[in-house]
Amino acid sequence: MLINCVAYENGSKLADIPIAEISEYLKRPGCFVWVALKDATEGELAVMQAEFDLHPLAIEDAQHGHQRPKVEEYGDTLFAVVHTVEMSPADEIDVGELNIFVGNNFVLSVRNRSGQNLLAVRERSEREPQLLMHGPAFVFYALLDAVVDRYFPIIDALETELEAVEEKIFEPGASQANIRRLYDLKSDIGIVRHAVAPLIDAVHKLFSGRVPAVCENNREYFRDVFDHLLRMNGSLDSLRDTIGTAIQVNLAMVAIEESVVNKRLAAWAGIFAVISAFAGIWGMNFKLMPELEWKYGYPMALTTIAVVCVILYRQFKKSGWL
Amino acid sequence: MLINCVAYENGSKLADIPIAEISEYLKRPGCFVWVALKDATEGELAVMQAEFDLHPLAIEDAQHGHQRPKVEEYGDTLFAVVHTVEMSPADEIDVGELNIFVGNNFVLSVRNRSGQNLLAVRERSEREPQLLMHGPAFVFYALLDAVVDRYFPIIDALETELEAVEEKIFEPGASQANIRRLYDLKSDIGIVRHAVAPLIDAVHKLFSGRVPAVCENNREYFRDVFDHLLRMNGSLDSLRDTIGTAIQVNLAMVAIEESVVNKRLAAWAGIFAVISAFAGIWGMNFKLMPELEWKYGYPMALTTIAVVCVILYRQFKKSGWL
Amino acid sequence: MLINCVAYENGSKLADIPIAEISEYLKRPGCFVWVALKDATEGELAVMQAEFDLHPLAIEDAQHGHQRPKVEEYGDTLFAVVHTVEMSPADEIDVGELNIFVGNNFVLSVRNRSGQNLLAVRERSEREPQLLMHGPAFVFYALLDAVVDRYFPIIDALETELEAVEEKIFEPGASQANIRRLYDLKSDIGIVRHAVAPLIDAVHKLFSGRVPAVCENNREYFRDVFDHLLRMNGSLDSLRDTIGTAIQVNLAMVAIEESVVNKRLAAWAGIFAVISAFAGIWGMNFKLMPELEWKYGYPMALTTIAVVCVILYRQFKKSGWL
Amino acid sequence: MLINCVAYENGSKLADIPIAEISEYLKRPGCFVWVALKDATEGELAVMQAEFDLHPLAIEDAQHGHQRPKVEEYGDTLFAVVHTVEMSPADEIDVGELNIFVGNNFVLSVRNRSGQNLLAVRERSEREPQLLMHGPAFVFYALLDAVVDRYFPIIDALETELEAVEEKIFEPGASQANIRRLYDLKSDIGIVRHAVAPLIDAVHKLFSGRVPAVCENNREYFRDVFDHLLRMNGSLDSLRDTIGTAIQVNLAMVAIEESVVNKRLAAWAGIFAVISAFAGIWGMNFKLMPELEWKYGYPMALTTIAVVCVILYRQFKKSGWL
Amino acid sequence: MLINCVAYENGSKLADIPIAEISEYLKRPGCFVWVALKDATEGELAVMQAEFDLHPLAIEDAQHGHQRPKVEEYGDTLFAVVHTVEMSPADEIDVGELNIFVGNNFVLSVRNRSGQNLLAVRERSEREPQLLMHGPAFVFYALLDAVVDRYFPIIDALETELEAVEEKIFEPGASQANIRRLYDLKSDIGIVRHAVAPLIDAVHKLFSGRVPAVCENNREYFRDVFDHLLRMNGSLDSLRDTIGTAIQVNLAMVAIEESVVNKRLAAWAGIFAVISAFAGIWGMNFKLMPELEWKYGYPMALTTIAVVCVILYRQFKKSGWL
């Protein structure tokens, strides 16, 4: 689905143009065309391939989707794949894709399976002609930056969730729920990581070493995106590491809790075993058991049993078993 | 076993040729020969070595098999080893080998211990003369691509299996079955990984840095294969990592389940210990135990015992032990 | 908030100057200006941006804060972000930020969310004109060095805390407290690590390889900071590693303790089971149980039970269960 | 102990020569000398040092032994240390050392603490003069190749042992034996790894980058050895990884088995507790317990107890505790 | 404290010289001065700084101590920090420091907090004038070599201790002692590792790549030290890895032991529960319990109980629970 197709000159919008006239505008010096598609069909991509002379392998990738984030050079044209990440209403992480083709005088963005609106990027860019004058590379940066900045709230949400689990990590009885949440959290982190980690290397090539000609004059901007990605990656690494430790600690807590239960069980079992032993002995049927004949034999027996139980109880209390 | 031996010129098939005439066709400019062998015998390989002047070490590798995936240069000739991976009917992973020799005017593929048919590659190539015109390097790419693309369904199957285990990971009583499946899964992943990981470095050399002369004009195609391999490697890494966590979580679940059982055991043991204690006391043989003489002594005793048990039961229920 | 704004020439202070005159002093050869801000407002940063011609992306970073430590070149100007780390009165680790802009003839430091006073750096620098003559790069070094040196006492405190836990690691009953402290310790180490680790790479670029022109003559000083950072990083690595082992050992201790408890429980359960068994047997109501009629039947029974119990007790004692 | 000392020319054996004449043969162009020593004494090494002008540090290493595998250049001479690995009759892994000195016109091999016979290498080399013509570097390759190829059966034996353990990993009661075998296996792998891993880097330098002059024309042969080493290293990595998982799984199996035992224990304890409770109640000495007077009181009691026990038994069976 | 201060020429000792004359000797061509200090005071270091024109940052490091091992270039002068490691009488590892300054015509060694005597190095050097002729770099090597060689016995001691633990690792009841020893061992390994690991990189720079001018002619000697360090590092890695596995195995052994105890407990509990159940039933007070009236009722009861117990005992024995 075509979202818009606009020609720009010297940083300001010339006109919304029909697709058929793209090639005409491409010939005008100092002019560039910015086309945005959404969930593009095979036919739409074929048209774009013809208009912008795109490499068949790149078009194939854009069509099939499910690529890893990357930036590839096909001659003078850059082909970038970036994952869009958003929280679904059901609190699950949805991953979509933004494919960006950048040439000397055009930008083509193809957004697939993503609810993220990129119109704001276009509006902001059009409001800042001094920046838009940098040409397609700046548009490329602006798109990248917009997508990458939307990773931050996701990562914040994951950190908040981890903190919520951490608060309950030493709480008795919460182990099973904790471990479930940690497991889910780890898989969410994996998803975001797959969006972030491959992009780091890809963006690094846009400002360091042999930089693609089209990005030459915007290195500092791509370094800024790179820096954001590094920061996110650091956060994700910390999260992973903390989750690993938290699972381990949780396991220790289960063991500790169980050992507490075992001790308590042992203590009570001991106390009742003593009662049963006394009762058993005085329940024996020997003819001659003098204490059974005593007047106060029974109260004495109960008292004896009670005293022993209290002593045991105190001992166990003292040694922390009860 | 010879499968076919065909000469191509300008991207289209010249003729099926007998092995004996290979050397003749090799002399024709713009012409190349593509030979496919299956489970080649020592004799067949010796003939090929003579025809194409192959290095003895490479021939030795092709003959012995069980090589790790690699791409080696012997002078102008490339020697590649790729693992074919397929799911056997018994749901086990079978690994075969495809050895590819690529020269300036020939491609020789030797497929060993593999049921994978590569005829489709030849057919597709012959249908696209504009691509086949790129010569042996394109054939090499097409073979690589065909073998590597068949890793995807295997990896998908492993992911599906992992998801099936994950659904049961918090299910009580499933631990033993889960851990067995996770262990098998991990070893399957190891097998695929051995096909994928070494190939990444090998293919990287075909489009980056000092590229072998024969591949010079097909860099983008090899980069595409490389990209697929990276994607698979990412998936395999995720799988490994998730399995590691799943085993750990499984262990925690076993501990948690056991702690639940222990608490329940402790609670019931407590309740019955109380019954036994009371019964023991009233079973003692003291002469003077007034309550034994009471008319309603027995019902009173039963009631007392029942009341204490109910109180205990509620307490245990409340604290989550029962 | 402006802290001070001073012009220096040949290593000694010229004068405290008003912000409006900065640009004048910047024109004087051999003169440089050193401005210190604290929790700078947007407005203050905008003035500085205009005075020193700073890059908008760097200003944005300084304003938003929460950057990872880094050193970036924007043309001739360096922009550095360093974390300040201090122990709060509640024994928690507070992280602030020091943003430093270094040009050929100016240093601008912006300290955010940090209670650390850097006046001492200025005083020491002013006392050593032979060093201050090195210009802005030396000031940059002095600031870096001051911030980094304050990491040492924090790391020492963490090491002391770990040693305190280690002393209790084999102490029975301390597992839960230990594991909690280890978990907190690990997260503290994470915080310091985030200040140290990214800075290592950043500082490395200030003395090795293509060194920014402004730092050219102070390489040895930056190498000294680098060396301190490496040392800290080594300590943090050791701490992490030791904590990992300590958690593992703690888990083992819980298991060992529990196994001790279990054995003791089993031993006592065994002894009481024997008493109950004897008492049960002699409590049976068979008509003909000759020993029940014996004169010394009862004492004999008690003695038998006692002897068996003592034997069992000794056996258990000997085998270490009691 | 001198094993042999032979001069070669143009790929074929000239003569067995006495040590004293070595220096003479070294002067003949196109001629090289190949000396093999076994468990050489200090004196023998001193003679060799003089004959071939070897570096004292290399001689020292050869004498002391216990070096890590390595290839070092001393001027034009290469000094290589390779570990020989063989299975002792007691199924333990014995490690010996082969020290090889390679110059432009000599090879000196010193084999220490190793039962491996290298005569076969010499015989095979002498049978293939076209290869032996490559000179000392080819002999060096042949020795390396012979030693490295003998690692394969050792690694196979380790893999077989691991598979044997894996078959028993889910077998109840085998945990202790399994873990012992896994532990031993891991230490065996460590030994082989110490032979293989350092050699990878060392051999890499013999065919890639700045190759020592003496190896210049045999690069493909050293790459072949390198490739074998990589393959072994991959196998060893898999083994290590699998052992790690197997130990973890074994631990889980112990926990699962114990939890099965605990449940069974709990179930039987419950059943017997019920019997005791009933018997206890009907064993009380209340005067008025009507059911005790009934004619069929006793059979009724036994039936009641039996029925309750059967119900419990079925419940436990159903819930998988028994 | 000054230990000695000697001038050398052409590899042999000229004279013990007073500190004040150092500068004179430094002017003589072909002459170099070797000064050894121990636990140097600030004043002594200041004198040395003046005599040899040392960099203030290096002096500061030497004074403060607690540096990580490193080799730094300050202009033409090298500054090296090496850790001395020795076993204290209480079997603890003591770490000291050796600071070495190496110039074109001087060596200054400052030994701090170390009982290691380096006089032997001087004596050996003076006995071998042909080596001492290599100048300060050779002295530097000799000092490095002496310190590094003393790491070997420490590492051997650690390996011996690990083997001692390994022998007890499958011994029942030794878990707690084992885990304590493993924990201590791991921390000892950490200490030695901190001496070895950073030195590897540092020494690597002395023979590979851009070698400091002063070491130019002694590369092979530094490579020898490097090789020793690599070997030690390999040993330390193995130790670490083995300790990790040993702790894991120990944990498994605790679990296995406990499961053995639990089974035994369950078996005995079962046997006694059977006795109690029978005794309980025959202890009930029903009027009509025919077997109670039998003449041989009691012996029959005892026999029944005994038979059941023996059967159970055999069953448990057979299934390995007892």
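Per-chain numbering from 1; labels A, B, C, D and E assigned in written order.
One rule holds in what follows: a contact is a pair of C-beta atoms (placed from the backbone, for glycine too) under 8 Å apart; a residue touches a chain by one contact, two chains touch by 3 or more.
Predicted model only: the values in this text are computed from it and were never measured.
J.: Spelling it out: a chain qualifies if it touches chain B and also touches chain D; which chains qualify?
T.: none
J.: Count the residue numbers both chain D and chain E use at their shared interface, divide by all numbers used there, and answer same if that is over half, different if under half.
T.: different
J.: Based only on mean CA positions, could you tell me how far chain A sits from chain D in angstrom?
T.: That gives a centre separation of 40 Å.
J.: Could you tell me the distance, in whole angstrom, between the mean C-alpha positions of chain D and chain E?
T.: 25
J.: What positions in chain C touch 2 or more of the other chains?
T.: Residue numbers touching two or more other chains: 248, 251, 255, 258, 262, 265, 269, 276, 280, 283-285, 289.
J.: If every chain is a node and each touching pair gets an edge, what shape is that graph: line, ring, star, complete or other?
T.: Topology of touching chains reads as a ring, each chain with two neighbours.
J.: If you go round the ring from chain B to chain D and onward, which chains do you meet, in order?
T.: B, D, E, C, A
J.: Would you tell me which residues of chain A are touching chain C in their complex?
T.: Those in contact with chain C are residues 169-170, 220-221, 223-224, 227, 230-231, 234, 238, 241-242, 245-246, 248-249, 251-253, 255-256, 258-259, 262-263, 265-266, 269-270, 273-274, 276-277, 280-281, 283-289, 320.
J.: Given the complex with chain D, which residues does chain B contribute to the contact?
T.: Touching chain D from chain B are residues 55, 57, 67-68, 70, 72, 74, 173, 175-176, 179-180, 183, 186-187, 190, 194, 198, 247-248, 250-251, 254-255, 257-258, 261-262, 264-265, 268-269, 272, 275-276, 278-280, 282-285, 289, 291-298, 301-302, 305.
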